[in-house]
Amino acid sequence: MDLLQTIVSHYNHWIIIFLMVSGLYIVVARGNMIKKLVGLGLFQTSVYLLYLSPGKILGGTPPILSPQFTVYSNPLPHVLILTAIVVGVATLALGLALVVRINEAFGTIEEDEIFAGEEDK
Amino acid sequence: MVLLTLLAAVTIGIIRIRNLFGVVVLGGIYSFLMASVMIVLDAVDVAMTEASVGAGISMVLMLGTLYLTKTEETVPAHTPLLPLFVAVATGAALVFGTFALPPFGVADTPMNLHVAPYYLGNSIQDTLVPNVVTSVLSSYRGFDTLGETAVIFTAGIAVMLLLKGKRDVKPGPKRRSVRR
Amino acid sequence: MIAANLPALQVVLPLLGAVLCAFLRRGVYAWGVALIVSLAMPLIAIGLLIQVLDSGTISYAMGGWKPPIGIEYRVDVFNAFLLLLVSVIAAVIMPYAKRSVEKEIPSDRQAWFYAIYLLCLCGLLGMAITGDAFNIFVFMEVSSLAAYTLIALGRDRRALLAAYQYLIMGTIGATFYVIGVGLLYSMTGTLNLADIASRLAGIENSRAVLAALAFLTVGISLKLALFPLHVWLPNAYAYAPSMATVFLAATATKVAVYLLLRYFYTVFGASIIFQDLPVSNIFLILSLAAMFGASIVAVFQDDVKRMLAYSSVGQIGYITLGIAIANLTGLTGGIVHLFNHALMKAALFMAIGAVFYRIGSVKLDDLAGIGKRMPITMAAFVIAGFSIIGVPGTVGFVSKWYLVLGAFEQGWWWLAFLIVASSLISVVYIGRIVEVVWFRPVSAAAKRAEEPPLSMLLPTLLLVAATVYFGIDTSATAGIAGRAAEWLMVGVK
Amino acid sequence: MKFDVIFRVAAKILIPYMLVFALYVQFHGDFGPGGGFQAGVIAAAMVIFYAIIFGLKAAQKIFPPRIIELMVPSGVGIFAGAGVLSLLLGENYLNYSPFAQDPAHGQEYGIILIEIGVLVTVSGTMVAIFYSFIGRGR
């Protein structure tokens, strides 16, 4: 029963870890460059939850000060994650630009095909 | 909790589906779900950003790229054992680490006691800004935001460097796939 | 006013320079801006180093908010030394860059190219100077995104592939780093490194902190190309434009090593890292694997830039070996090698870049007999190559000497033997180039070659002269490295 | 296209509101959720929306690429320049306190100033990236 309690109270962590592991798996296992970037996005997004969820205080409100409320959730993780989202989209844009150029130069966006093509020469 | 479970379901979808168009659309759904989770977690600013960036800009860029490339993924040739190992090892390290973290939603954790109360308590008198996220972002940790703007600047210049101007077609096998 | 704000200027000047470069359309003007900024950097770094040596650690509160509320810039002996290294390399590269970039980058993109270069410099300096865990991440991303772009601008289409691979690996590394910081933050509630260190007291052995350590180590190791995580490096260095290769090879991995040392010694504390956990052994094995594995791979490369890139992986092995030896002498050796390797690798890549400028190829076969056409450049190459091997009288010898001494102090005589043995492999690959370059008949490609323009030759010679000078007079480099190592070791207890 | 007219009319109605919403998010960021980054993304979305409906040419006529390209560094320039201003006023980098009579108001002005910097860079960059991607296709 105790174990079950632990598992349930850490439910957010379970999901975060699942998302993270799936994201990382897509990045490492898949050869398609766009899919890899999607996986990278999943991986990064799951980290956002890792930061945000411990900052939540049950019964708290968003950290916009107002006389009606006294308990606020922690604002610092929000700030950090805002920055991280921006970094994430910047990386994604650059990665996609590279994919477009690779497709023009090699005619494919599958890593396996590119490596096979390189070895022929 | 329901939202989190939905997130997991979408993720499985993203792994399984080989049509990249479908993957991108699922990615958009994922971002909206993520934004909803963030609202539940009181992170309204972040939720707004995630919705506009994840489901907006990222989707547009992804679709633009798909338009320029192709939409089907081939089956990877190599075995997924090594990646699986990497992913599982990471997961194990995380399980190991996160279980020692305090449970969800508690107020008296180290994270919520040290510097956070300072921001909440002093934002108004220091900066006259009631949205603490804004005051931390722009003033207390303003230099991070300068760095963040620099990141965007870098990405902007980088993409223009890579994609602007005429297409210099380099020799190479050109295999245009048929679009559906 | 300027003296007090040097830490901020060190990072902000390159950023402002980049903004200016992006406004200017003409490559030459942008080069001028980049040159002025790059020349100002070492002056600022020297100013900081003098201040630190005089009066101890400098703490600079960004935005006037006292740490841990705001972001703190923290300059101590170690990172002042590193700032100097990065900014000196940047200053030496800029005169060299003009001709090289004119040759390799289309003229309408040069201004943006310099903007990206300055952003990369800004990111690296920002990572080195800041005392805030999350700020490190932000500037890590500035420098990484800039580095991916610099690499992708190489002329070969494989440069794009290399940049993409680096982007994937680098982003995984950065995300691991963020996970590590997140775990630390959850446990301590602060992001200031010094504050984290003090609040970790008592909970160092909790599972979340250990997991944080693991994630940080793996994340940073990806950036510094520690042996099994180095796969992005050879392609990236081989296909990047010459100037980008010189800059990244000399600085990017070094800053990552610095981060690793900073976390090991000043945040987690050496006692937990080296006594309670097998970190030392893991690093020892990986370093040895890098020293032998990567060096042996280097021997079989036909592309000189690729060969030097693999040699870099091997040389990084020596630096991490210094970490693994974990006594004062060994650590000094590691830090000195950080500096020395930057000097000699920059010199080598500059010489090769000059060859590429003249003949447009870096294939070993095309280089045959080029020593007769470009004698000064190739003589410089050979001297820097001797330094990689560790011939006495060059800087490479100094760092290996400290490493061997450190190994003996630890009682690991076999390690000393292995260090010498691995140097023999570098004799093979450097020797292979020397043989082809000097003792083969002149190849068709090398026939028309002549010495590169002075603006490219002089920086190369300057760096080579430095490798010899600091190889004979060790007081400056080894002295400061020794103080940095002492400071790290003392900071622990 | 059959629905073209509907799209065009809808766009004509919606786009002004998107701009107003972006500005609201920008300047209300002190009191509610939002700020320079979100506003920049919304403004960029407006341009992208316009380009999708009316075509890239029309969009580039109203928002010429030259201006957009200049916006990318200007925002960073404003932000970093605000820091230099605090240096000149004798304070640490990015300390906005001396921008007004009392420190708190100075901070408020500083925040507004740098949020504008963020808005300019973010919207400029997003549009520039979008132009680059779409321009590549033809």
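We call the chains A, B, C and D, going by the order they appear; numbering starts again at 1 in every chain.
Simple rule for what comes next: a contact is a pair of C-beta atoms (placed from the backbone, for glycine too) under 8 Å apart; a residue touches a chain by one contact, two chains touch by 3 or more.
A quick note: this is a predicted structure, and the numbers were derived from the prediction, not measured.
Peer 1: With respect to inter-chain C-beta contacts, which pair, B-D or A-D, contains the greater number?
Peer 2: Looking at B-D and A-D side by side, B-D shows more C-beta contacts.
Peer 1: Between subunit B and subunit D, what is the gap in Å from one C-alpha centre to the other?
Peer 2: Distance between chain centres, rounded to whole Å: 21 Å.
Peer 1: Can you compute the centre-to-centre distance for subunit A and subunit D, using the mean CA position of each chain? Integer Å is fine.
Peer 2: 25
Peer 1: Once you find the CA centre of subunit B and the CA centre of subunit C, what distance in Å lies between them?
Peer 2: 29
Peer 1: Taking each chain's centre as its mean C-alpha position, how far apart are subunit A and subunit B in Å?
Peer 2: Averaging C-alpha atoms per chain gives centres 4 Å apart.
Peer 1: Which residues of subunit B are in contact with two or more other chains?
Peer 2: In subunit B, residues 44-45, 49, 53, 57, 61, 64-65, 68, 94, 98-99, 101-102, 109, 111-112, 115-116, 119, 130-131, 133, 137, 139, 141-148, 150-155, 157-160, 162-163, 167, 170, 172 touch at least two other chains, as defined above.
Peer 1: So which stretches of subunit C touch two or more other chains?
Peer 2: 15, 18-19, 22, 62-63, 65, 115, 134, 138, 141, 145, 148-149, 152, 157, 179, 185-186
Peer 1: Where in subunit D do residues touch two or more other chains at once?
Peer 2: 31-33, 37, 72-73, 76, 80, 83, 93-94, 96, 122, 129, 132-133, 136
Peer 1: Connecting every touching chain pair, does the picture come out as line, ring, star, complete or other?
Peer 2: complete
Peer 1: Can you list the subunit D residues touching subunit A in their complex?
Peer 2: Listed in rising order, the residues are 31-33, 37, 122, 129, 132-133, 136.
Peer 1: Can you tell me which positions in subunit D touch subunit C when the two form their complex?
Peer 2: 70, 72-74, 76-77, 80-81, 83-84, 87, 90-97
Peer 1: Looking at the complex, which residues from subunit A come into contact with subunit D?
Peer 2: For subunit A paired with subunit D, touching residues are 62, 64, 82, 86, 93, 96-97, 100.
Peer 1: Would you pull the subunit B residues touching subunit D in the complex into a rising list?
Peer 2: Contacts found on subunit B: 44-45, 47-49, 52-53, 56-57, 60-61, 64-65, 67-68, 125-131, 133-135, 137-139, 142-143, 145-146, 148-150, 152-153, 155-157, 159-160, 162-164, 167.
Peer 1: Inside the complex, what are the residues of subunit B that reach subunit A?
Peer 2: Touching subunit A from subunit B are residues 1, 4-5, 7-8, 11-12, 14-15, 20, 23-24, 27, 30-31, 34, 37-38, 41-46, 49-50, 53-54, 57-58, 61-62, 64-66, 68-70, 73-74, 76-78, 80, 82-84, 86-88, 90-91, 94-95, 98-99, 101-107, 109, 111-112, 115-116, 119-120, 123-124, 130-133, 136-137, 141, 144-145, 147-148, 151-152, 154-155, 158-159, 162-163, 167, 169-170, 172-176.
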